[in-house]
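We call the chains A, B, C and D, going by the order they appear; numbering starts again at 1 in every chain.
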Amino acid sequence: MIPRYSRPEMTAIWEPANKFRIWFEIEAHACDALAGLGVIPKEAAAAVWEKGDKPYTEARIEHIDAIEAETKHDVIAFLTELAEHVGEPARFVHQGMTSSDVLDTCLNVQLTQAADILLADLDRLLAALKTRAEEHRETVCIGRSHGIHAEPTTFGLKLAGHYAAFKRGRDRLVAARAEVATCAISGAVGTFANIDPAVEVHVADKLGLKPEPMSTQVIPRDRHAAFFAALAVVAGSIENLAIEIRHLQRTEVREAEEFFSKGQKGSSAMPHKRNPVLTENLTGLARMVRGYAVPALENIALWHERDISHSSVERMIGPDATVTLDFALGRLAGVVEKLVVYPEKMQENLDKLGGLHNSQRVLLNLTQAGVSREDAYRLVQRNAMESWRTGTSFQDLLKADPEVSGPLGQEAIDALFDIGYHMKHVETIFARVFAEG
Amino acid sequence: MIPRYSRPEMTAIWEPANKFRIWFEIEAHACDALAGLGVIPKEAAAAVWEKGDKPYTEARIEHIDAIEAETKHDVIAFLTELAEHVGEPARFVHQGMTSSDVLDTCLNVQLTQAADILLADLDRLLAALKTRAEEHRETVCIGRSHGIHAEPTTFGLKLAGHYAAFKRGRDRLVAARAEVATCAISGAVGTFANIDPAVEVHVADKLGLKPEPMSTQVIPRDRHAAFFAALAVVAGSIENLAIEIRHLQRTEVREAEEFFSKGQKGSSAMPHKRNPVLTENLTGLARMVRGYAVPALENIALWHERDISHSSVERMIGPDATVTLDFALGRLAGVVEKLVVYPEKMQENLDKLGGLHNSQRVLLNLTQAGVSREDAYRLVQRNAMESWRTGTSFQDLLKADPEVSGPLGQEAIDALFDIGYHMKHVETIFARVFAEG
Amino acid sequence: MIPRYSRPEMTAIWEPANKFRIWFEIEAHACDALAGLGVIPKEAAAAVWEKGDKPYTEARIEHIDAIEAETKHDVIAFLTELAEHVGEPARFVHQGMTSSDVLDTCLNVQLTQAADILLADLDRLLAALKTRAEEHRETVCIGRSHGIHAEPTTFGLKLAGHYAAFKRGRDRLVAARAEVATCAISGAVGTFANIDPAVEVHVADKLGLKPEPMSTQVIPRDRHAAFFAALAVVAGSIENLAIEIRHLQRTEVREAEEFFSKGQKGSSAMPHKRNPVLTENLTGLARMVRGYAVPALENIALWHERDISHSSVERMIGPDATVTLDFALGRLAGVVEKLVVYPEKMQENLDKLGGLHNSQRVLLNLTQAGVSREDAYRLVQRNAMESWRTGTSFQDLLKADPEVSGPLGQEAIDALFDIGYHMKHVETIFARVFAEG
Amino acid sequence: MIPRYSRPEMTAIWEPANKFRIWFEIEAHACDALAGLGVIPKEAAAAVWEKGDKPYTEARIEHIDAIEAETKHDVIAFLTELAEHVGEPARFVHQGMTSSDVLDTCLNVQLTQAADILLADLDRLLAALKTRAEEHRETVCIGRSHGIHAEPTTFGLKLAGHYAAFKRGRDRLVAARAEVATCAISGAVGTFANIDPAVEVHVADKLGLKPEPMSTQVIPRDRHAAFFAALAVVAGSIENLAIEIRHLQRTEVREAEEFFSKGQKGSSAMPHKRNPVLTENLTGLARMVRGYAVPALENIALWHERDISHSSVERMIGPDATVTLDFALGRLAGVVEKLVVYPEKMQENLDKLGGLHNSQRVLLNLTQAGVSREDAYRLVQRNAMESWRTGTSFQDLLKADPEVSGPLGQEAIDALFDIGYHMKHVETIFARVFAEG
């Protein structure tokens, strides 16, 4: 996570002010529950809200840090500072709780906050993809497998495919958000020895979380691993679209280009260059977000009821993965929204191979006209290779080949080269993809 | 995937006989659908089933391999061999389809077959964990955070926590199975140019899959990445339990041991040793299964409508990840089922620290008796450190300390050391964990 | 590791016959050393060689496996079978040794054997790259950054760059081979309690290894991690060249093509297609070999003097990484050796942008003619953009622009478009790269 | 990279002031070389040094950032600001160079600076390990394999093994530093079209680098991948030692403890706890540093002469990996320097198994006394199992077993239990490990 690839809304989640605010809410809600159970005085719980419910300013945060530097314990530092505001009733705060109750529940609140931003990011990206897909529903271009021209498709279909992928990513993120939306206030080893389970239920409810069915001082880390893995898969889909655009912007292809603002300089050395730098950048950012899943997966296997090895990892990948993915999704949405598309160039590239993309269709018609599959293949390949080598139109070659024009007839061959053949199910696919979108 | 860590049921999924069988079914069902649409003769479709529906024997497989060695194309080799059985109507087979229609749909069938075995594996493991958890619901042992004694828990609770983790893993696997349970028969770039979408719908239905809403010759690889990531998270949970058992079997701890059969030799050099080799082995296997998620995530970003870079990865991790995880789950279930548990040793270890695990409880009672949190902490820490250093009973020290026994009273101190305090919510947690288990 | 991506010479290293042969040699050499020290009778050591030095046939291997199935201990099974051949003196075999002495030293012998094959693979690849680089030293083509035409280079230079990368990979592999070329015969925890260090020195010497300075039952796994990391970097270089070729073979680029044999069928659906399937395949294989470094790095942190979690990982990645990399290097060498290069197409692509690749040169000459850098940039960019948009020759536009032709003069502008300018240091670079190659 | 896990000396390397300083030096040295070649006026080169050689203050950096915000190009922003200081001669700066010449060479300077700090870190750690190893050369403790007591070793030997590992890590880092200590000033595609190779040679020399034999706008990324992989292996060794200490600090083992300062609070809930939080933290940090190698390996395969996907990755892992590793090495050195060691507890743990660790020795002596290996194994195992189960001294049981005491004799059995037997080669191993240390 570096400023260059960060957006303020997401970074704010990981800043001390937000963290301490969440800690405060956990403690204050817990006090309410404890007061309800008669464990602590109702007045104490009320005092916490009345005197403690204030913003965590820079000054407060610095003061907490100073206390931590001495005690080497962050939650104690936080509680000590809180006590300065709350006064005597502060001794009832954190009753029967352990630091991890606060830390782990807070992390999960932060992750759900981050997930909400990421879901909004995905919604913007999905909207952009849908709009551009519909705009280019009928914009014919060549489809390529192995980087080689295959059969025609439309640019709208390309975008629809990416829409579907990000839709799945969104669904997975919703599931991943639910995974980490749990609250644990269960004590030193999760037995609720010093605190009633009702406190956990109350705090969970107030924070929009569910009680963790079984924690062991910590919330189990398979949840978080699943969360970061879901981000990694979204990153893979970002990379997929980024690479598509980079390919389309290649000099030899140039079917689309990232928007290039007036003042922008492409290269200090080659002023004519318009480089797909945003999508190249996204390719790299995707590597990072995918990479963060690796330590997240290693975090699952903690020792006994917990060790704290996961903590340093999460202090880093918590912000790094969410901030980077947020930035990447935002950047990608912008790229899609403003992408410059060149339909004429798409048509030009499509025409380059003289109709070879209809070879499969010819093959089919030959077999249906009674030619054996093996022979049909040989005939099509013979003329295709000739067309490929000489640049002569595939259509003309087929008509001139008696073994082909014999069984099919000249007119039927011509009919095999209309583009509508390839477009006839575009609407069906759009209906499938955008059905509930 | 090596024989040592493989089980036949899972490896069979990845063997040629199963693969070709699935290919045959895809082609034969597609013929039915094509015949239904009037694209090919009904007799042709019938002939495929009548003459082609035979087991793929070693001899057939070798013959297909021989053809592939020549044509360097696996699906053409398969079709050529099939044609030898079906005869003339074979020219209607694979009409309008592309190789990937067969290959990708087959891969997904294999992955769902694999997922079904893994789900059964998880069920066995869950059953074992539940049985042993209930058996040891009240078996008291010390809970440890940071490897250091914390507060008491029960061995049943430990197992319940792992049960909950594998239950979540099962839920994720069900979701992951659904991710890859799709079928694509959409042609060279996914436009259905040469084949009607109804064929896909029919084949999907027959194979228990759903039609892929939008494929591009290939089924999008974010699905498979999500699948392998789900396996990786399960592997993390295996590692977590494996490490727990390895810790419990340490010479100094010895609260549990892997079952050690009569004839088994532990070490060529040190015959007294009983090593937790199965769980150590599982730790390594978990590394592998987690590691396979890395290339799976890289597979998402294919070029344009597809490149084939994902294929070699999947030929390896398809079997490797599922076979290894199947083996690991089976091994772990066996370990849990036969785990030798030493409740007396658990009690002995719990007693080692002379009641220090009640320090939190003492702290709470002091604050409730009106001592400030800071003072209470100081008092508890003073006596705890003394007990730790000298081995004197914490309980005795507290009673001898007037600053503690003053506010609390001798009898109340004794009452703070009964184990029931820590056990009172065990049932609640069990109810939560096994609610719908 | 699957047969499809394996070559027999490398797989043989990982087969039981080779493993048991190495075990035998370790034990037999150790007997010699023990006899030299007077620990066991000289006749016993002689008997081991005389009666035990026989090939490990299928029959012997099956017999060993049968014993292991019973004892669940591989080294004991091996020794038991060996004793059947050696007879009574067999009781002196393995004196004071521990299983890991045999297993770990064997693994390192296997890894050095594998490294030797990989080094030979790299030599073949380097030779192919050098030959083709020299063949195409002057074959001009456009260099591309960001996928966009930049300045001219030569196809020979491209290959020279890859040569240099694999040369570095070779150097790293030599270093990595040295890392794992160590021998440990140091007993249960590495103290040589039961065996004299002289035995280790002797066996190491006989096997071409160095004694491990400090082992702890096992040879430390940072060595192996470094080894597999070195393979991963080579895999990255394979991927780099593979992607270059895939790009060059794109329909729109077509500057080079993988060799396509006569009988080969490219696609069942589109017979005209020639797909870069070998380099796509290599891209996937590279993902695998890179991925194996992840568990290898996790293997370093074993518990105390050793745990056996690394073992299952190594049983898998030992063969998988070396066999896959061997196959990939062989495949890549073949691709390079037979690569079909189209110099005319390279020239055609170079010409496509009407000389825009000389923009940097024009810029430089303008600044040297007294124009400020800012103005020069603006002038070049203006004409470049015009040329890019309209397709008009950049050279003509510059000559028609008085702000450019004023300071530079028409003739000087023409002189800025000769290709020799870009080629003048090719020889220098070749000399650098192939200096000691 | 977060402040909590960062040290100022290392973070300074990655701050703008250092980056711009390096950029300035590259440009200024390049001007000298260009002036020497007569390409630009000597006075211009002199002016760059005279007027431009000033610290990059906050104000300057903000100004550069403001220009970049407009031009969206960092090197142009830098040059524009430099021109404001240098004046008219500034138009000769960056002559014939491309941005990557500056950026890539700068990155490599930063990486070598980082490597120098890491080497110093390793030296401190090595010194600490050596000192403590020598201090505890004869401190006997039990060696453990599989977490199970094996044979005695010394605490000094444990530390010596880690010393050897970090010594290897240091050697690998020296090699990795050399890998990235290269300079490229070769132009847009590496052909030196617009700049003489002599400039590169001069700048490399002045910056303590070597000219990159063949660059393609960028320095090839296999170098950087090898660099980050070397850091990852060091991280693995950190984890290895961290886990050793965590194990030794377990409540049941307690042979060593991280230093615990007076004021420090271990847990808000359990004041008696002294947790190995530093080494747990190091375990997590190691996961991160290992993880950064994954995207570094993916960075190798750039498109054609370069794409910029590697850049965002390096902007993140450049600082993240080096800062985190620096912090981790410093923390670990502190842990080792101040580690509290409990030799009496080591002896107590060693004695726990009643001499079972001599079983191998007994086995050997039995075979040397003429008992067959199989029988000897059975006899030792029988008594070992009895001792393990009942807690009776192994030594006593052996003497009471006529099948053992017959061949060996009572006195000889007693002699088999002296600890000196296990210590006799400690000096030899120390000599090996610290030979050239």
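In the analysis below, a residue touches a chain if its C-beta (ideal position, glycine included) is under 8 Å from a C-beta of that chain, and two chains touch if they have at least 3 such contacts.
This is a predicted model, so every value here is computed, not measured.
**Q** Which contact partners do chain C and chain D have in common?
**A** Touching chain C as well as chain D, we find A, B.
**Q** Listed by label, which chains are in contact with chain A and with chain B?
**A** Joint contacts, listed by label: C, D.
**Q** Which option, A-B, B-D or A-C, should count as the same interface as C-D once over half of the contact pairs match?
**A** Matching pair: A-B.
**Q** Counting only Cα atoms for the centres, state how far chain B is from chain C in Å.
**A** Once rounded, the distance between the two centres reads 33 Å.
**Q** At least two partner chains per residue is the criterion; list those residues in chain C.
**A** In chain C, 79, 98, 144-147, 150-151, 187-188, 194, 246-247, 265, 267, 269-270, 275, 277, 280, 283, 290, 294, 298-299, 303, 307-308, 360 touch at least two other chains.
**Q** Quick one: which bits of chain C touch chain A in the complex? Just the residue numbers, please.
**A** Where chain C meets chain A, its residues are 142, 144-151, 246-247, 249-253, 265, 267, 269-277, 280, 294, 298, 349, 352-353, 356-357, 359-360, 363, 377, 380-381, 384-385, 387-388, 394.
**Q** So in the complex, the part of chain B that touches chain C is made up of which residues?
**A** Within the complex, chain B touches chain C at residues 1-2, 4-5, 70-73, 75-76, 79, 94, 97-99, 187-188, 194, 246, 261, 263-265, 267-270, 275, 277, 280-281, 283-285, 287-288, 290-292, 294-295, 298-299, 303, 307-313, 315-317, 319-320, 324.
**Q** Could you list, by residue number, the parts of chain A that touch chain B in their complex?
**A** Going through chain A, the ones touching chain B are 79, 83, 90-92, 94-96, 98, 143-147, 150-153, 157-158, 160-161, 164-165, 168-169, 172, 175, 179, 187-194, 197, 211, 213-217, 220-223, 225-226, 229-230, 232-233, 235-237, 239-240, 242-244, 247, 283, 286, 290, 293-294, 297-308, 360-361, 364, 367, 372-373, 421-426, 428-429, 432-433, 435.
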